[in-house]
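Shared chain: chain A. Partners: chain B in the first complex, chain C in the second.
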Partner chain A sequence: MLIRPTQDDLRYIAFDLGRIIAIAGAAGLLPLGWAIFRGEWGPAGSFVLMIGVGALAAVAADLVRPSRRHPVDWSHGLVVTALTWLLAPAVATIPLYMSGHFANWLDSYFDAMSGLTTTGLSLLQDLDHLSESVNIWRHTLHFLGGQGIVLAVLAFIAGSGALSLYQGEGRDDRIFPSVGSTARFIWLVSATHALVGIGALTIDGVFTQGFRFSRSLFHASTIFMAAFDTGGFSPQSTSVTYYHSAIYEVIVAVMMVAGAMSFGLHHAIWNRTRKLGRNLEVRTIIASLGLTTAVTVIGLGLTGVFTDAPSLVRRGFFQVLSAHSGTGFSTVSSAELSRWSGLAFAGMATAMALGGMASSTAGGVKAFRVGVTLKTIVDSIKAALLPERAIVPSTFTHFSSRRMTPEMSKSVMVITLLYIGLYLFGATVGISYGQPLQAAMFESISAAANVGLSVGVTSPSMPVMLELTYIFQMWIGRLEFIAVFAMIGFGVSMVAGE
Partner chain B sequence: MNGWPRRASKLARGFGIEIIAVIGFVVFTFAVAIIALVI
Partner chain C sequence: MIKRITALAACIFLVAPPAFAIDKVTVSELEALPWNYADEEVQIVGEVIGDYAIQATQVWIQVNDDAYATSPLAEGGLAGTNSGIGVLISRSHFSHDWGPPGGYRVRGPIVEVTGIFRYNDGREAGGTYIEATKVEVLEESRPIAAPFSTGPLLYGIAILALVGAYAALRMRVTD
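Moving on to the complex of A and B:
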């Protein structure tokens, strides 16, 4: 029997939602500061408006403040998370829409969703003439989304019910006993990488590319946020190719690797935890990255797209890493990427679909689930070959030795199947709008796995239904299904509950 | 070793592993690329 939510339930949800939206709006202070610094008064006004809308959300939250103490309730957290990721882009899109670089509001919402989900697909027109402050905002969305809007808030206001908010965002590794301290560790890792990454990119910009310091800092900041948070937006329409610098690409590659690593792994490395080589997730991602790189590079070699090894390595490696980490930076154009057929397409599509590590900013199925799925298959084969009464003990290492339970296998395989279903769903919609199978599949995986590489299907002239499909894929892919299902269940219980 | 030196060494270890991972994969890709171009 479904239980109809009470008015108090709705108050708890509205209260949390309002506070989180307010903080997301307050993040506009960063681009506002840049707009004032650079004298971009038009965008500055749009940021003030957005911050004002966030402040109104805070006031509204205060008006519905629950009378009693906030209860620990799993479903509230999940519903708040799912709604946050739908409403935050609607607020974040205000400066984007007002920039005049979008054909309509839905296009700007698409970009805000793409930014927050760290996807990187874009419908923005004439990117090369976009104001710096709005560009900073687009990339701040990556940073905010990558860290997790809810997680960002948790770092400061962690309270009861925090765990469900945290796990609602698809993060299931608690590095420290408390969610708050875990969130603070994630911010420490991010801040350290920001300092080093932005510093290195700025130095390269100044000394090897002749940028002025402020311009170099602007490019470094935006590229860092998109790389470490595996987003993929870039301040220039030619993406990372704009810089024509192998050193720049290597620094970006290191940041993409760091972004695709789980924060649990960051913690383990920082604390010299031994036996990382036995970690199922580490083994899986090394194997899958090696395999997809090999398949793609052999495919490119066979099709003759590149005729010399250095070009093949530079383009092939960067593209596969960008795809596997879910970043979406490109060193080849969409038109060129659409010509990567056969094995090269298979390698790239698989890399995108598999994604990075769990509890990282990357999207996709994630290495932990891939590893557990493969291990389940191997165990099933072993069980089939052994006598009926034989017991097959199954353990694996994931920071500590863990026993594989049927419940774990089941939950992992359900999510894996849901991802595959989501990839096929988007591809089917693409095909129904006349897109070739390969392009429709590529773009669908790119959206659902929050990658952002495009073979040209995503464009301002795309059909509205296809645009809505990609928005849905980006949203549900980022939240890893459960929070969205909880939200749907909550909606149903409001109507059909007793 | 305590305080900032200890923290700095932790950070260096983290970045070192990330850089080694990228270099390792570049070398691996180079080997595969040469094979791909030869066959």
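Moving on to the complex of A and C:
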């Protein structure tokens, strides 16, 4: 029997939701500062309006404040998370829409969702004349979304029930016993990488490429946020192709790898934990990256797209790494990418679908699930080959030795199957709008796995239903299904509950 | 007979373009059929946008030949996404007199670039670009008017003032 939520339940949800939206709106202070610094008064006005709307959400939260603080239970936390990821883009879209670079509100909402989910697909028009402050805002959305909007709040206001909010965003491992400490560690790692990444990119921009310092800093800041948070937005329309520097690409690649790593692995590396080579997830991602790179490079070699080995490796590896980490940067044009067929397409599509590590900023199925799925298959084969009474010990290393339980295998495989279903769903919608199978599949995986590479299907002229499909895929793919299912269940119980 | 053949050959020569004619192309055409133009001399006309990446002996620029090059967004409205290509020019071809490159509130200089189209070129580790042999500035850069609407700013300030008043009231009640 479904139990209808009480008015108190709704109050708890609205209260948390309002506070989180207010903090998301307050993030507009960063681009507002930049707009004032650069004298971009039009965008500055739109940021003030957005911060105001966020502040209104805080007032609304205060007005519905429960009289007695009730611990957030599991389902409340998941519903808050799912709704946050729907409403935060609606607030974040204010400066985007008011920039005049979008044909309609839905297009700007698409970009806000793409930014927050760290996808990187974009319907923005004339990017090359966009104001710097709005560009900074687009990339701040990556940073906010990559770290997790809810996580941002948890770092400050973590309390009881925080775990459900934390896991609702698709994060599995707690590095410290307290979720608040874990959130603060994640922010510390991010800040350290920001300092190193922005510094290195700025230096390369000034001394290797010959940019002016202020412009180099601008490029470095935006590219860092998009790389470390595996987002994929770029300040110029030609993505990383704009920077004709191998060193720049290497720094970006390092940041993409750092972004695709789980924060648990960051913690292990910071603490110089040994035997990381035994970690199932590390082994899986190294194997899958090696395999997809090999397949793509061989595919490119066979088609003769690149005629020499350095070109093959540099372009091929960067694209695969971008796909596998879920970043979506490219050093070839969309038109060129759409010509990568056969093995090259297979390598790229597989890399995108698999994604980065669990509890990282990357999307996709995730290396941990791939590793567990493969181990389950191998164990099943072993069990079938051995005598009936033989017991196959099933353990693996993931920071510590863990036993594979049937429940773990089941939950991992369910999520994996849901991702495959989501990829196929988006591809089917794309095909129904006349897109070729390969392009429809590529774009669908790119949206659902929050990658952002495009072969040209995503454009301002795309059908509204296809646009809505990709928005849905980006949202549910980022939250890894569970929070969305909880929200739907909550909605059903509001209508049909007793 | 020989006269007729000579006359025919003369006609063909006059009507048909000479074999060494430069291809005037768009970036979209280069992207669609790059192998047709690889290592051939091409000519594009477009707006320099972004930055001048000034290095020791060369300068990298990006040239966009989309609709915004002729009609900026603020003047002609939305016209799709950008379309541009990297252009490598020698320092001697570059001058700061071109004005600032295109960006927010700036329509960059309009240039006519003549050069060799490099497709997935090994010298740039697989890069696709135009190696310019000649750059002619057709129009220097100019500012684009960015109309400033006070509405959002005033609404935002009004909302924040209201929220501030609410917070002050709330604190007084709590005290």
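The criterion applied here is as follows: the second predicted complex is superposed on the first by the 497 of 498 C-alpha atoms of A that agree within 3 Å, B and C clash if a C-alpha of one lies under 4 Å from a C-alpha of the other, contacts with A are read in each partner's own complex, and residues count from 1 in each chain.
We take it that a contact is a pair of C-beta atoms (placed from the backbone, for glycine too) under 8 Å apart; a residue touches a chain by one contact, two chains touch by 3 or more.
Not measured: the values here are computed from a predicted model.
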Should the superposition on chain A be reported as showing a clash between chain B and chain C, or a fit? fit
With both complexes superposed on chain A, which partner does A:L312 reach: first (chain B), second (chain C), both or neither? both
Answer with first, second, both or neither: which of chain B and chain C does A:V196 touch in the superposed model? first
Chain A contact check, chain B vs chain C, more residues touched by chain C
First (chain B), second (chain C), both or neither touched by A:A260: neither
Scan A:N271 for contacts with chain B and chain C and give back first, second, both or neither. first
Let me test your reading of the model: by the given contact rule, A:A439 touches which partner, first (chain B), second (chain C), both or neither? neither
According to the stated criteria, A:G290 is in contact with first (chain B), second (chain C), both, or neither; which is it? first
Could you work out the angle between chain B and chain C as seen from chain A, using CA centres and rounding to the nearest 10 degrees? 80
Going by the contact rule set out at the top, does A:V365 touch chain B (first), chain C (second), both, or neither? neither
Upon superposition of the two complexes, what minimum C-alpha distance (Å) separates chain B from chain C? 12
Overlap of chain B and chain C contacts on chain A, residues 307-308, 312
Residue ranges of chain A touching chain B (in the complex, touch as defined): 192, 196, 250, 253-254, 257-258, 261, 266, 269-272, 289-290, 293-294, 297-298, 300-302, 307-309, 312-313, 316-317, 321
Chain B residues touching chain A - in the complex, by the definition given at the top: 10-11, 13-15, 17-19, 21-22, 25-26, 28-30, 32-37, 39
Chain C to chain A touching residues, read off their complex: 31-32, 34, 49-55, 59-60, 62, 64, 66, 68, 72-74, 78-86, 88, 102-106, 120-122, 124-129, 144, 146-160, 163, 166, 170
Chain C partner, complex, touching residues on chain A are 40-42, 44-53, 55-56, 58-59, 62, 98, 100-103, 124-132, 208-212, 215, 219, 236-238, 241-242, 244, 246, 305-308, 310-312, 314-315, 331-333, 335-336, 459-461
